Amino acid sequence: MIEPTYSAYEMMAVVGARELNDGEVAFIGTGLPMLAAQMALYTHAPRLVIIYESGYVGCHNIHTARLVGDIRFMKGLTMLSSMVDVLGFLQTGVIDVGFLGGAQVDQFGNINATVVGPYEKPLVRLPGGGGANEIASCAKRTIITMNHDTRRFPKKVDYITSPGYLDGSPDARKKAGLIGDGPDKVITDLAVLDFDEKTHRMRIESLHPGITVEDVQSRTGFELVVPRRVEETAPPTEEELRILREAVDPTGFYIKRRAERKAVRAGV
Amino acid sequence: MIEPTYSAYEMMAVVGARELNDGEVAFIGTGLPMLAAQMALYTHAPRLVIIYESGYVGCHNIHTARLVGDIRFMKGLTMLSSMVDVLGFLQTGVIDVGFLGGAQVDQFGNINATVVGPYEKPLVRLPGGGGANEIASCAKRTIITMNHDTRRFPKKVDYITSPGYLDGSPDARKKAGLIGDGPDKVITDLAVLDFDEKTHRMRIESLHPGITVEDVQSRTGFELVVPRRVEETAPPTEEELRILREAVDPTGFYIKRRAERKAVRAGV
Amino acid sequence: MGRTGNLKDKLLPLKEAVGLVSDGSSIVCPSFGYEKVAFAFIRELIRQGKKDLYLYGSGMNVDADMLIGAGCISAAEIGHIGFENIGLAPCFRRAAESGKMKVEDYSNFIMTMRFFAGGMGIPFMPIRTGMGSDVIAYANPDHVIEMDSPFTGEKILAVKAVHPDFAILHVQRVDTEGNVSIEGPKYDNVEKAKSAKCLIVTCEEIVEPEFVQSQPEKTILPGFLVDHVAVVPFGAHPYACYGYYDYDWEHIETYAQQAKTLEGFQSYLDEFIYSTEDETDYQEKLGLQKILGLRSNASLGYSTYYEAIA
Amino acid sequence: MGRTGNLKDKLLPLKEAVGLVSDGSSIVCPSFGYEKVAFAFIRELIRQGKKDLYLYGSGMNVDADMLIGAGCISAAEIGHIGFENIGLAPCFRRAAESGKMKVEDYSNFIMTMRFFAGGMGIPFMPIRTGMGSDVIAYANPDHVIEMDSPFTGEKILAVKAVHPDFAILHVQRVDTEGNVSIEGPKYDNVEKAKSAKCLIVTCEEIVEPEFVQSQPEKTILPGFLVDHVAVVPFGAHPYACYGYYDYDWEHIETYAQQAKTLEGFQSYLDEFIYSTEDETDYQEKLGLQKILGLRSNASLGYSTYYEAIA
């Protein structure tokens, strides 16, 4: 195996960007989705309409934003709106795609960002969902991104902050009153996953270069659906890496920090 | 009797202005109330906060506005808001005073601006209430202005567009779910009227110069409450007339047109 | 993909945009304050002889009266149709008094919040007005009813969301990505625009995205909510377009006077609508000097035409 | 007479304004995007040792974490408390994991619409989110429940209006009539401000009414909704104030690092809050060069400090 010249985090950002199509209306959550969205805008999707729950519609920021409410979005902004307004957009079903992180995702794509352990007496108190519940409830499709390990991929999340396919039954979302179609893809540091159309169980779509089905399954807390044919995820091109590093995140706020943290973790 | 040097319409505008106190928040309807509000701003109430349902908050227009949505309000405007927002203010009970015209007002201060005759087959189809229902429902107190004649002052209006004291019973407004206290004054070309605290029936407060109780009663379709002592309405001062004619309505849009119309009516 | 896509795919000549509105459609033409109303669109609806339109609105004026008089409207849910400080709406009177047109009377706020609910994707809104009055007594219970609030049990008015087939909005500017940018008052235009199944925007001019991005707080609608755009300079006449031109009060008074009789109304339509092929014709009929006279003063946003002639 | 009255009757020194908040009050400090947050007010709440405050919010960050760590908050209804792109909120973690603080978890939109309902004077709002998830499963049924819509019978979420005792908002400008004028994002600040029984505004500066009237679309709250005003320049630090100064990311990261331990958090409080008498002291501690470095660039509205040091 050739040592990749890019980090797993960069791979996720590039793959995430590719999932956003030009001309779509995308409601973006915090973290890696922010990087991926700006990457898409700078590469194949210059007409992507990026919305943040802070009320920013049509972001074309020239400096790297550090949070969804960052005032860096004011520069080049198409529409300065409000939370009532943009979260309201979601309810009308006009948002093509939502893009979310989280702390846990289960076999049916339900996301937990609230607690690890019992709700009443949590082992780890997480931030809570913010606007993620709305995005996951209403966007036509949702992309989820998370680092891949057993702890983060339990069979059942401790708390459903943002609904995926709920219990996986065919009409679960519709019965609950949700208008969006649910999770479409899960992008991790190992693979891209999607969901079986009938059972709504998570399924391997493509494996990142050098990763095997066993690698992924062994770091997943439930049984993945493995289709007969599993593609290899196309690695970032040189051009993609150049844009990501020089234009999207030139100060390395996302890319370097992640690398540093990972180094710290590995060292401990 | 000395011929007054002002028209009945000017008298109503001046008396209407006096009912608005400096520093109050006033939600103003179309017609004479617009003139009276600007008059108040130009005389004793420079800090009157004038709101129109079009979304204008804090009007200091320098040219005479012809309608509540007039773009002349943009000049000197404190806050450009929206209908949702300003009509929402009413619901929270922060509006001190509403000021309304209409086609009919009854003994309990209910206003009709919808139909003369039966609703299903009207003799005269009026415009409908616009935002007047909201103003009458929610302002802490309401001032009503109307020309005084039997047709316009029926015992019971044909249609309650904007609620006064409804059937006059002590808790009628509260029982209906209304938060404002109801009609306070009625300003006509003959008199200023208010409402009996207990029965909520319309009562003469002051008579315009030269007008008798009999004049008013004979042009009212129900029995008015007549207190032991009835004041004379103070006529417009020279200064008030000068401001009204030279600053508030220098083109005579309101004042001259009314005079012309009256002349036409009288001639026919 | 929502309604993104290039502006060039959304741009239509006015006649074609009007052609999308089939007989029997429900419409809302945001109008309040004789300003930023898609009046050119309304004239073309009349030229094309549209029938049985269902009209939704809050505060409406000459716009609604003209459509009603021309026989385009069979029913309406309204807050108000009248000519402020001029008088009653004569065509509306005739249609309502004769029973030819069905009317549901609400208030402006009831209608505004019904549009708000429609644009927010919720089935209804709770509000505190309308109660006690005949607005609720005569309301269609499928559209407006009293209900007990959850949590508090308070009595409140529930007003149902509306979703007109078409909203037609006039604005100053649309950028080449279809984003809608305005100057001046907003009224309940945004709520109305968002409530409709199909949003058609007429505008004074097309601008570059950079211009819109230089004042993003003036963007009222993102391009992905806009279905069609027609460029119609002076398209709000006889109403105003803040920062561009004032209302033509003389024209409005002429209309109000003529519309008092059926014959007068017919002659107004003949002169200004049926005998004009399009808006260019219409503008020529008004004449250059009138149009120049209504130009907005740069420091005011409206003209001082009326002060000058007083 | 509402809350009109001269600004001079509303103006209070920061310490007195904070003094109005008695122990046990419920509060909301509009905060989203590390910008326009009344952080000086929050520091003074901590200096004055407020206790048992009930915190309402949607998306909250360092502001909430610091109040919680300092022991000011006994319970909260929230959408989110975390440090975006930095990590978890350590004080919130300790308080929630130990059970010392009671938390009701909703979503940002649920909270935003609860403030909206409060500010609109209606008892609840119907919305389409939250359903299916554990947000509704663990919701307090006195605050958030499912209901059947009138008219359509659809299942919808009813979220109850909130009316905090105090809203404390930081803005760029208040005029001498108390009108509140801002630059940049609005988030759900207006809804939060309008929902409260008492609205306290801290501002960078007082301006003339003529200035506010020159851009009336930037006025977010009329003076008659404002109870008290405190002039607190640089009052949002370590957060930003668009057009004035940027967020102090280094300071925020220092806080995030120190707050990970009780001792570290205590030493942060000691250094920046308990050992400073007031905001002047606090600013001196930060130092002139830091404050100059964060100044907004005129063409951007934020600083390029982080690009410069990268």
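As written, the chain order gives the labels A, B, C and D, with residue 1 at the start of each chain.
What we mean here is this: contacts are C-beta pairs under 8 Å (C-beta built on N, C-alpha and C of every residue); 3 or more make two chains touch, one makes a residue touch a chain.
Here the structure is a predicted model, which means the values were calculated and not measured.
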Inset, instruction - Treat touching chains as neighbours and tell me the shortest step distance from chain A to chain B. - result: 2
Legend entry - Where chain B and chain D overlap in contact partners, by chain label: C
Inset, instruction - Any chance you could check whether A-C or A-D wins on number of contacting C-beta pairs? - result: A-D
Inset, instruction - Going by C-alpha centroids, which chain is farthest from chain A? Tell me that one. - result: B
Inset, instruction - Go ahead and note the Å separation of the Cα centroids belonging to chain C and chain D. - result: 39
Legend entry - Distance from the mean Cα position of chain C to that of chain B, given in whole angstrom: 28
Inset, instruction - Could you check chain A for residues that touch two or more other chains and list them? - result: 74, 80-81, 90-91, 179
Inset, instruction - Pull out every residue in chain C that's touching 2 or more other chains. - result: 121-122, 127-128, 154, 156, 217
Inset, instruction - Check the chains against each other and report every pair that touches. - result: A-C, A-D, B-C, B-D, C-D
Inset, instruction - State the interface residues of chain D toward chain C in the complex, per the touch definition above. - result: 121-128, 142-143, 145, 147, 149-152, 154, 156, 158, 160, 217-218
Inset, instruction - Enumerate the contact residues on chain A facing chain D in the complex. - result: 30-31, 53-56, 63, 66-75, 80-84, 87, 90-91, 110, 114, 119, 121-134, 137-138, 159-163, 166, 172-173, 176-179, 250-254
Legend entry - chain A contact footprint on chain D (complex, rising order): 32-35, 58-59, 78-82, 84-85, 88-89, 92-93, 96-97, 99, 103, 105, 107-110, 112-113, 116, 127-135, 137-138, 146, 154-157, 184-188, 190-191, 240, 242, 246, 249, 300-302, 304, 306-307, 310
Legend entry - Interface residues, chain D side, partner chain B - complex: 1-5, 119-122, 177, 179, 194, 209, 212-213, 216-217, 219-225
Inset, instruction - Provide the residue numbers of chain B that touch chain D in the complex, in ascending order. - result: 21, 23-25, 47, 49, 57-58, 60, 74, 76-81, 88, 90-96, 179
